[in-house]
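What follows is chain A paired twice: with chain B in the first complex and chain C in the second.
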Partner chain A sequence: MPQYTQYQPKAYRPRMSAYWYLDQWRYLRYALREASSFFVAYFCVLTLVQLAALGTSATRYAQFEACMGSPVMIIINAIALAFFLLHAITWFNLVPRVAMRQMLGRPTPDAISSGPNYLLWFGATVILALFFLGVL
Partner chain B sequence: MSAGKRSNEPLVWLLFGVGGFFAAFFLPVHVLFYGLLFPSGLVHAPGYQATLALVRHPLARLYLFALLTLCFFHAAHRMRLTMSDVLNLRHLNTVLAFLCYGGAIVGTVFTVWLLMTV
Partner chain C sequence: MSDTIILEVARFNPERGGEPSYESFEVPLRPDWMVLDGLNHIKDQLDGSLTFRWSCRMGICGSCGMMINGVPTLTCESLLINYAPGPVRVGPLDHFPVVKDLVVDLDDFLAKLQKVRPWVVRKDDFKPPREFMQSPAQLEAFHQFSLCINCTLCYAACPVSGLDPNFLGPAAIALAHRYNLDSRDQGVEDRLDIVSQHEGIWDCTVVGECSVVCPKNVDPSLAIQQLKLTATKEWFKSFLLPRGKH
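This part shows the complex of A and B:
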């Protein structure tokens, strides 16, 4: 019967820099994509504030609209739009590619897997824009 | 043989995935109009009564409920993983999960309440 030592060496875990995402562009892109979630949460809360103002009175809604027109809010919303576009493009490129491979068992060209999503995105954008503008 | 503890991960992933699609499809046009074009005056804003009438439509309420709820859970899951992985806060995983998913639940409750009272 072999005699084993009780000594259990600790697993080697290399220390990672706190700023590891700055090492390579693709790491930074990953971090930025994940950071889009903060802007998603921000805009959802902003929409709740809009609904609350809408449900209170016309005066309160006018105050909300005036606040939204301030340069700070315009800049924050422009940044949010950039993050939403990053999220949308990376999502439409990645998710169908993985899903199609799972379903078909083989890789498919990106134009086939992601193309329909971009068409649907365009259609949804146009329909919602028409609702927002009061055309529909 | 005792049954293993069930993981919540599939449910969280389902909400994250569907919320990701909703955020990708619908949030850009929302922020484009209500965050940029209407407030900056580049496009004429529809005004209080028209916006109120739009939001009071049952289909609009249903749409806003699905959009906001799913986006809250999508954001919660991704924010937890971002803070855990990108900011190296794995040791606070339980606290982060409580704050992020708790925030999503609070957001959902407010969404339902506001859509019922508006």
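This part shows the complex of A and C:
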């Protein structure tokens, strides 16, 4: 004879692991994008330090340059640059999602929304490159 | 290629409680079988106690969503052969309470859906003479967001939904946006009040996976970002013209 008990549902409530972003590449990619903000802040601080050194004295600036030329700083800055590029590209690509969806009554192509950012970026890079190469 | 494939299916018995476990079943690997057909084979031939939802078998009713190898997917639209040689892991949708085996509790989702007033709201007593005329352009404005089948795959893909149970979530917000964009509707202000709360659009951190898994290309992430833009514009308007109607 089967024993019947009154049905008392006990739903299973899953809890997310604190390391959920390591579970799958698509979430890790998102976490890396968010973490890239840290490196943007790092470059801002670095630029301020550079300007402060420049404004203090030539010796101070030479010290700053020597520090930046050390292998450790080159590795750190290379990693920071990679994250910086990831930050810029991922956020530029998100621009169409918050830009106007209609222009002259037609859907705005994504390239029209994100394109100007890339153009400005490219333009600024060219001007800086010309400046450092001594052309300007 | 083998003519069978192993399905590892999540089992959970609410009367026993505990953690769900996975049970393996060997099912025929037919070129025209979907994962749902494999599950139905288990239910019909191997273990009648396996519990899961399905209805239309054609990607319309939205009831057969499950995690297939960790990705929220409609099982009636996923060819089993694409997962060969297997094994294929089938679990209940992430971030929802599990009622039994592959069935999740959708009460919370349905309450959230209700909250955003997903219907045409009129504040006047305008009665159109026949039907309410809409131009193709007016229809186009919201059409994409009206394709949602409430499959909740987007909730299962969204880590914010898992971390903050109060988050309104992608589909509910996309539906709010759908009615906001409808030329017949006058409920925008009410809905903006609801979706602009912290548990609404501002909880979204643009992971974007909701739009990746959506089987109907609703693009809920786009709806959320567009609503952020609208809410910000409205906030600025109310800030600059505090007494003006906005």
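Assume the second predicted complex is superposed on the first by the 107 of 136 C-alpha atoms of A that agree within 3 Å, B and C clash if a C-alpha of one lies under 4 Å from a C-alpha of the other, contacts with A are read in each partner's own complex, and residues count from 1 in each chain.
One rule holds for everything that comes next: a contact is a pair of C-beta atoms (placed from the backbone, for glycine too) under 8 Å apart; a residue touches a chain by one contact, two chains touch by 3 or more.
Nothing here was measured: the structure is a model prediction, and the numbers come from that model.
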{"item": "Contacts of A:Val135 with chain B and chain C, given as first, second, both or neither", "value": "neither"}
{"item": "Contacts of A:Val45 with chain B and chain C, given as first, second, both or neither", "value": "first"}
{"item": "Touched partner set for A:Tyr21, first chain B, second chain C, both or neither", "value": "both"}
{"item": "Touched partner set for A:Val72, first chain B, second chain C, both or neither", "value": "neither"}
{"item": "First (chain B), second (chain C), both or neither touched by A:Lys10", "value": "second"}
{"item": "Chain B versus chain C as contact partner of A:His87, first or second or both or neither", "value": "first"}
{"item": "Touched partner set for A:Glu34, first chain B, second chain C, both or neither", "value": "both"}
{"item": "Chain C-contacting residues of chain A that also contact chain B", "value": "16, 21, 34"}
{"item": "Contact footprint of chain B on chain A as seen in their complex", "value": "16, 18, 21, 31, 34-38, 40-41, 43-48, 50-52, 54-55, 58, 61-62, 65, 68-69, 73-74, 77-78, 80-81, 84-85, 87-88, 91-92, 95, 120-121, 124-125, 128-129, 131-134"}
{"item": "Chain A-touching residues of chain B, taken from the complex the two chains share", "value": "17, 20-21, 23-36, 38-41, 43, 45-46, 48-52, 54-55, 64, 68, 71-72, 74-79, 81-82, 85-88, 103, 107, 110-111, 114-115, 117-118"}
{"item": "For the chain C and chain A complex, residues of the former touching the latter", "value": "12, 14-15, 17-20, 70, 94-99, 105, 137, 159, 162-163, 205-209, 212, 221-222, 225-226, 228-229"}
{"item": "Touch list for chain A against partner chain C, complex", "value": "5, 7-14, 16, 20-21, 23-24, 26-27, 30, 34, 94, 97-98, 101, 105"}
